[in-house]
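Next, two complexes with chain A in common: one pairs it with chain B, the other with chain C.
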Partner chain A sequence: MRNLGEALERVTRVAGIRGAMLVAEADGLVVAEALAEGLDGAAVAALAASLTLRLRRTATSAGLAVPHVVQLRAERGTVLSVPVGDDLLLVAVAERDANLGLARLELRQAAVQLGS
Partner chain B sequence: MTDPIRELTAQLASDPQSLVFLELGEALRNRGQPAVAYKVARMGVGRYPELAAAHDLLARILADQGDRHAAAEAWRRVLELAPGHLGANKGLAFLAFRAGDPEGALPFLESALGAAPDDEGLAIAVQRVRLALDGSAARRATAAAPSAPVALRGAEGFEPFEEARGVVLLDAQGLRLAGTLEAPDGSDVSDAVAAHLQGVSREASRAARLLDLGAWESVTAESTDGHLLVLPPTPSTVLLLLRDARVPVGRLGLIAEQAARAARRWLERLA
Partner chain C sequence: MRVIEPWVAAPLQGFLDESGARLTLLMTSAGQVIAQDGFTRSVDVMAAAALGAAIVASTDAIADVMHTAAFGVVLHQGPKQSLVLRAFWTPRGRWIGLVVFGSETSVGLVQLFFQELELALAKAAPAELPTRAVLAENFEHELNASLRSLFGR
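Coming up: the complex of A and B.
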């Protein structure tokens, strides 16, 4: 579990990241989370898992490989999701002005760390 | 915030006669759990065999699962119970269109447009289907609904959809308005992608709203062999771009914004 905490912290250290969590892809339940106050972990997990699943179906129907990053951009922030192994997702919620390039990099490296 | 599905399940367990199964089935469907949603809808239809909404829910779940025959049967039952039902007409039109039968889709689309005359997406879909038919069929259709908007002018004159095999514009029902999508192997995947895309738009909108992030602006999926970007040029349309993985995601975003502006201009010309 030490690795899990380290991986989430690695992501939440990026400026503008409000939280990171590990989510079971099949049912959208939270496995572990490190969230800022006011962020509803269960909602983030369920919505991110559901959206990621739909994007995966869309991408595969377009003849593409399974996505390695899914990103929802909205007026006041961004939700990022990367797969960890076959069953889990690492999800981060970013503020509008967060450094998304760095956040994506840390997220993917954390996912590799968790998957190894 | 509690898990809405858990809450609805508890409500249904405490009152099995309740109509909450409709909301629960829809929530499960939206969460991508069609097998459980199907069981809930079946149970609801069993309890309320005369309730059009129950059959409509079942039909949408069956359509999601690709069982077109059973979905069509369920929607036909809806129309028996509630003639003119908007969802059933749209659903039957969608099934006919997907089966390559635009002539079969047209009466359902026209009935739907009659029930929702201000629906821009429906009006465009009706015109698109009419254009797909031969002249006599189109004339008959026009005579049957003279109040509908007249033409899909400019569909051929709009550069983003002419040159691109990686841009597609869809209406709110997931019907293609313009553009083509090609898979990396060169096959046309426009309709297959369109079928999933309507769900993505709804899901993105819901996620952004529930997480208090405001309106959704785009959704991107990056794969090793290509990137997808989805955005809503207008509230009732969705634009999807598909590009090779060598195109950086930031650049894809800029291309998408330009395409969205062009799509808005194109739609304005149609109005």
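Coming up: the complex of A and C.
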């Protein structure tokens, strides 16, 4: 559990990140979370897991293999998702002006940390 | 989709459109069916409603024994299909939702959209209707009328 907390903290330390969650991909349920107040983790987890699963199928069907990062950019911010092993996702919610390059890097490294 | 009370139809249709559920049953906590989608035989609906209400009553009793708050959700996860049972309050009393779903959706999505259904039902519920006692001699007639509404027969 300490490893989980460290991995989530690694992501949420990036400026502009409102929260990070470890999500069970098939269930869309939150395994662990570090979220700013007011962020509906259960809703983000369910929808992000569903979206990532469908995008993975799309990419695989198109012969592109498994996506390393899914990035959904919206008017007021961005949702990022990276796989952790075969069953989990690490999901982050970023504000509009967040450093997304650094956020992606930290997400990937946190995912490696969790998967090891 | 078949409903006993018409105001339930729109909120339930929203849930069905979003959740990807295969079977959905709304019932009172006594097991009286309010609406159903996906069932083809009345006997299955009646059995599922009775069993669902019994399971929720059992978990309520377990919560009592454990001196804890009632369990919000019961989840049976299977290899091909799963089932969520959820008791919730409406302006018309305590109801139970029974949802069967497969791998085309997830328990997270089903729960998310069910919460939205609960809010939509609370908004759509009409002002309290005058209560009408169900007399024993009318029970069979009432039951048959409900079954006709649910199955169009």
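Of note:
To be clear about the criterion, the second predicted complex is superposed on the first by the 116 of 116 C-alpha atoms of A that agree within 3 Å, B and C clash if a C-alpha of one lies under 4 Å from a C-alpha of the other, contacts with A are read in each partner's own complex, and residues count from 1 in each chain.
Here is the rule we use: a contact is a pair of C-beta atoms (placed from the backbone, for glycine too) under 8 Å apart; a residue touches a chain by one contact, two chains touch by 3 or more.
Treat the numbers as computed from the prediction; the structure is a model and nothing was measured.
After superposition onto chain A, the modelled positions of chain B and chain C overlap sterically. By the touch criterion defined above, A:74 reaches chain B but does not reach chain C. In the superposition on chain A, A:46 contacts both chain B and chain C.
Residue contacts after overlaying the shared chain place A:88 against neither chain B nor chain C.
In the overlay built on the shared chain, the residue A:111 is in contact with neither chain B nor chain C.
With both structures placed on the common chain, the touch criterion links A:20 to neither chain B nor chain C. Once the two structures are overlaid, the count of chain A residues touched is higher for B than for its counterpart among chain B and chain C.
In the superposition on chain A, contact is made by A:28 with both chain B and chain C.
Using the contact criterion defined above for the overlaid structures, shared-chain residue A:64 touches chain B, although it does not reach chain C.
Residues 28, 42-43, 46-47, 50 of chain A touch chain B in one complex and chain C in the other. Residue ranges on chain C touching chain A, taken from their complex, read 103, 105-109, 111-112. Considering their complex, residues 1-3, 30-32, 181, 183-185, 187, 189, 192-193, 195-197, 199-200, 203-204, 206-208, 210-226, 228, 230, 242 of chain B touch chain A. Taken in their complex, chain A has these residues touching chain B: 28, 40, 42-44, 46-48, 50-51, 53-59, 61-79, 93.
Residues of chain A that touch chain C in their complex: 23-24, 26-29, 42-43, 45-47, 49-50.
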